[in-house]
Structures are given as C-alpha cells and as structure tokens.
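Dropping the structures in below, format is structure tokens.
The two complexes that follow have chain A in common; it is paired with chain B in the first and with chain C in the second.
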Partner chain A sequence: MTSYSVFIIDASLRQPVEAELLDTIGERQLLDWQFQWRRTLETYLRRLAENGVTRQGLNWPQSWHWDWRAKVDEVRGLLGHTGYSVICRDVTQGMMRLDLASRTARLDEQAGKPLVYIDYLEIAPWNWHESYADPPLYRGIGQVLIRTAIQRSFDEGFHGRVGLHSLPQAVTFYEHCGFTNLGTNPNEYRGLLPYFEITTEHTRTFL
Partner chain B sequence: MTYSTTADWALARAALDETSTPGAGPLSARPHVPGEAFWLRGEETRLAFARFVNMARRQRGWSIEKLADDADIEVGELMSIEQDAHHEPELRTIWRLSEVFDVSQARLMELAGLASPKDTQAIEEAVRYAARSTAITALTIEEQAAFDGLVSVLRDKAK
Partner chain C sequence: MSKKTMTLNLTEAEMSALEALCAKKDLSKIGLMRQALRLYQMIDTRVERGGKLYFEDDQTREKSEIMML
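Up next, the complex of A and B:
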C-alpha cells in the first residue's frame, strides 16, 4: 500500500488542508463507510422523511443499503481492478474503484482504445452539496480522485483516457472537469446514468 | 506528474466543486430529490383531508349542518375544511371528526397538516386516493344542472 500527500479544502475556512491518498480501498475505509458515512446518511434520510419525501420520491435504489458491502467485497482483489481512497483527519472522505482492463473508449477520436473506467466514486455524505445536507466540511476530494484516475491512465499507457457513468445529480461536476457527456443508454443502468469520457487533450487542465 | 498534489492546485481546482458533488457508478447512488415536485406540500395533503371529510359525510347522506350538529363543530369551520385548502382546522375539530368517522386521530392530523407524517407513504397514498376520487366521480343531476348554469354564465362573460 502506498500513501501520497494531497490537499483538499476545508470548506468553512476556505483553506487547503493536507490529506492522504491511499492506493487501496481497505477494511478501514469500509468500516468508515459502514459506521460514519451511513450515520450521516441516516440523519439526512430522517430529515427528508420529516419533510414528506418518501424513498420512491428519491430516485434512489432501496436495496442499496444492504448490498453495498457485498458488491465492494466481490470485486476487491480482482485482477484488473484497483481502488483509491482519500483520508483526512483520520476519516475516509472519498473512495474510488477503477477497472483497468475491460473497457474501451467511445468518443469518436479515441474509440476502441483502452481507458481507465471509474466504476465507483463516492465522497462522504458530510461533504455533499445537496438541498437536504448540512454545508459540506471538505471540498476538492472529487478533484483529487479524478486526477488520480487520469494519472493512473497515463501510468497504464492509456494517455489519460478515463470513462465513467455519472450519477444524474453529478453531471455538472464532470462537465466542469472537461469530460464529454455521451448521454444515457437504456441498456446501461436502466438508462439512468449518463456516460462521460475525457480525452488526452482535456486531461491537461488537471496537470 | 505524480499522485501527490499541492495546496495551490487544490485551491485552483476547488471552484469547480462549488455546486455539485461527484459520484460515479450505481454503488454511489445517493438520495436525489429532483426539484421541488417531490416535496409533498401542505396544501396537497389538506386537499386530501378536505376530500375525505366531504366523502365521509356524503357517504352517510349527511348535510354539512347535520355533521356540524353531530360532531359539535361550527358549520363555518366545516365549510372551510371542505372548500378551502388553506384553512387550518382546529385540533378539537380533528378530534371530533376522527370520533364521528371512526378513523385514527393521528393520521387525520397528519393529513390536515397539523403533524408531520410518521408514515409518509400512507399519507401519499391517501393523497392519491383523494385525487382518484375527484377524477372519477360523475356529477349528480343537481350538480350537472348547477354546472351547466355556471358554464352559461362564464360563456356570457367571455363575449
């Protein structure tokens, strides 16, 4: 396991704080997810319910809370997959899992070429920008993770090419990062998650 | 390029994170309220409350006056409940109606917007039932005659 020094932003002080980038999603991260991320999430869910929002109104899979760990476990250690996590003040602030082997690019100018596919990227609920969430504690975790995926793509010889399926509410994030939106496909994730890809040229803004 | 970053890089990139939260892949799904449409508003549930009182009364073949007498509620209060979604009913009225119609006082308070719903699904269902009931109820002969009269007045006004 390797640790790198990175910086994220303390949102209330608007100052950079040092954080740690680990080249793994370890047991420690899963425990943080299970006991800290979920606790904040449950606070938000109670808040939504008090305002009359049901789970059906949330556009959110109900099975999610019990099958998450099993899904992460099932791909841990698979050849061709790797994970990264960002830790700050001893708590996991964001995680990402990469598929390095099975996907190819779709954008015309790089179609068919190998890329790094982000099959999972999430940040801790206390860092969310959502109408029902408290003001975020940290910003810039997503920037660190996307930059990491791009760097890994260069290391793999994929020239920075990265692809992912975005959550519907994260679309502007990836657009701001220079990704191209290729839209949804009814055969992928029930047509809910649009596909995004970044070209070598657009990765330069991350360097 | 290495995996490490600097404080300056973090500051320069932070602006891009101002308004939206990253998330990729179905594992990262988080609650998403697509606009205000999914927030059940007080008026919506209160309309369902009004519909309930109206139908429960008519099912028994009672006039507003008769219900007001039986439940010991002011006629004006009952008329406001049935006809004005902005009218906030008295707590005592809810209690009396729950007794007369034999339903849960707590649930009726939630529907009337006097308590936040414990079971939002039940309240949403009640709203759906109420909406369905208004959509399929045919007009009675008397209502039809009144409606025809109303339409003729409105048509005259349009000229």
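Up next, the complex of A and C:
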C-alpha cells in the first residue's frame, strides 16, 4: 500500500487541508463506510422522507444502496481492478474503484484504445452538497479522485484516457471535469446512465 | 512495488501479432502483456464462478460461446 499527500478544502474554513490518498480500499475504509457513512446516510434519508422526498424523487441520492464491502469483495485478487481512498482527520472521505483491463475508449479520436474505467466513485455523505443535507465538511475530494484516475491512466501507458458511466445526479460534476458526454445506450444500465470519457488533451487542462 | 523480470521467447508470427496489437492499441509491449494477463485472469475467474463468455452479433443477436482452456 502506498500513501500520498493531497489537499482538499475544509468547507467551513475555506482553507486547504492536508489529506492522505491511499492506493487501496482497505478494511479500515470499509469499517468507516459501514459505521460512519451509513449512519450519516440513514439520518439524511430520514430527513428526506420527512420532507416528502420519495425514493423515486430527484433529490433521493442515487448511490444510496451502494455496498462498498461487496464492491471490494467482488474484485479482490483481480489484477485488472484496483481502488483508491482519501482519508482526512483519520476518517475516510471518499473511495473509488477502477477497472484497468476490460474497457476501451469510444470517442472517435481514441476509439478501441485502452483506458482506465471508473467503476464507482463516491464521497462520504457528510461531504455532500445537497438539499436537506447539513453543509459539507470537505470539498474537492471528487476532483482528487478524478485526478488520481487520470494519473493512473498515464502511469499505465493509456495517455490519460478515462471513461465512466455517471449517475444522473453526477453529470454536472463530470462535465466540469472536462469529460465528454456520449449519452446513454439502451443496452447499458437500462439506458439510464450516460457514458463519459476524457481525452489526453482535456486531461492536461484538468491536471 | 517490487517487480520481477522474465525473458519471453516468441516466434516471428507471435512477435508480429504482438507488435501489430501494440500499434493498434497504442501500448508498449510490456503494457500489452500486462493488459493481456489482467484480462485473462478476469475472464478465467468469471468463468470459474459459473459465468459464460460469448460474442454476440450486433445485427442477428446470435451468440457464440468462447471456451476457456
């Protein structure tokens, strides 16, 4: 396991704060998810329900059912998958699972070439900037993880190419990161999740 | 991460195929071998878990199963 120093933003102080980027999702992160993320999420979902937001509503978090332990177990020991986590003040603030092997690029200028595919990316619920949620504690975690995926793509010789399917609630975030929206496909994820990809050229502006 | 080195002897045809794939995929030979290993391991694991590997014709929807040895 390797640890890197990164900076995220303390949202209340509006100041950068040092955090740790790990090239793994370890048991410690899964325990944080199980006992801290889920508790905050349950409180938030209760608040949504009290305010009349239903599971089908636009404000209901679309990753509410994600089970990170299952996601990590599913690919344990596979060379083509890896994970990263961001830790700040001893608590996991974000996690990402990558597929390094089984996806290829779709944009015309890089079609058929290997890329890093982001299987899942999520930040801790107390960092969400959403209606009915408490103000976020930290910002910039998603950007750190995207930058990490791009850097991994360069390290693998994939020239920064990264792809992913986005939850509809995260579309704006990926557009701001410089990804191109290639739209939905009825044969993928029931046609609900648009596919995004970033080119080598666009990664340079993001990095 | 510590790394191990190995020598790989290929026939001319195998080397030609390797080089053609490297050019097509924009990868180094090491990168391509690494991708091949990752993919082979992933497929083998999925098949061992009971999954099936097949190609599907986009037009006819006909499926042909790939047998893993």
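Everything that follows uses one rule, which is that the second predicted complex is superposed on the first by the 193 of 207 C-alpha atoms of A that agree within 3 Å, B and C clash if a C-alpha of one lies under 4 Å from a C-alpha of the other, contacts with A are read in each partner's own complex, and residues count from 1 in each chain.
In this text, a residue touches a chain if its C-beta (ideal position, glycine included) is under 8 Å from a C-beta of that chain, and two chains touch if they have at least 3 such contacts.
Note that the structure is predicted; figures quoted are calculated from it, not measured.
With both structures placed on the common chain, the touch criterion links A:186 to neither chain B nor chain C.
In the superposed model, A:112 makes contact with chain C only, not with chain B. By the document's definition of touching, of the two partners only chain B reaches A:166; chain C does not.
By the document's definition of touching, of the two partners only chain C reaches A:101; chain B does not.
When chain A is checked against chain B and against chain C, the one touching more of its residues turns out to be B.
The contact sets of chain A with chain B and with chain C never meet. On the chain B side of its complex with chain A, the touching residues are 1-11, 13-14, 16-34, 38-41, 45, 116-117, 120-121, 123-124. Chain A makes touch with chain B in their complex at residues 4-9, 16, 18, 21, 23, 41, 44-45, 48-54, 56-61, 64, 68, 71-72, 96-97, 118-123, 125, 127-132, 136, 139-148, 151, 154, 164-174, 176-177, 189, 193, 207. Contacts from chain C toward chain A in the complex involve residues 1, 24-28, 31, 34-35, 37-39, 41-42, 45.
Put simply, chain A touches chain C in their complex at residues 2, 77-81, 100-102, 112-114, 156-159.
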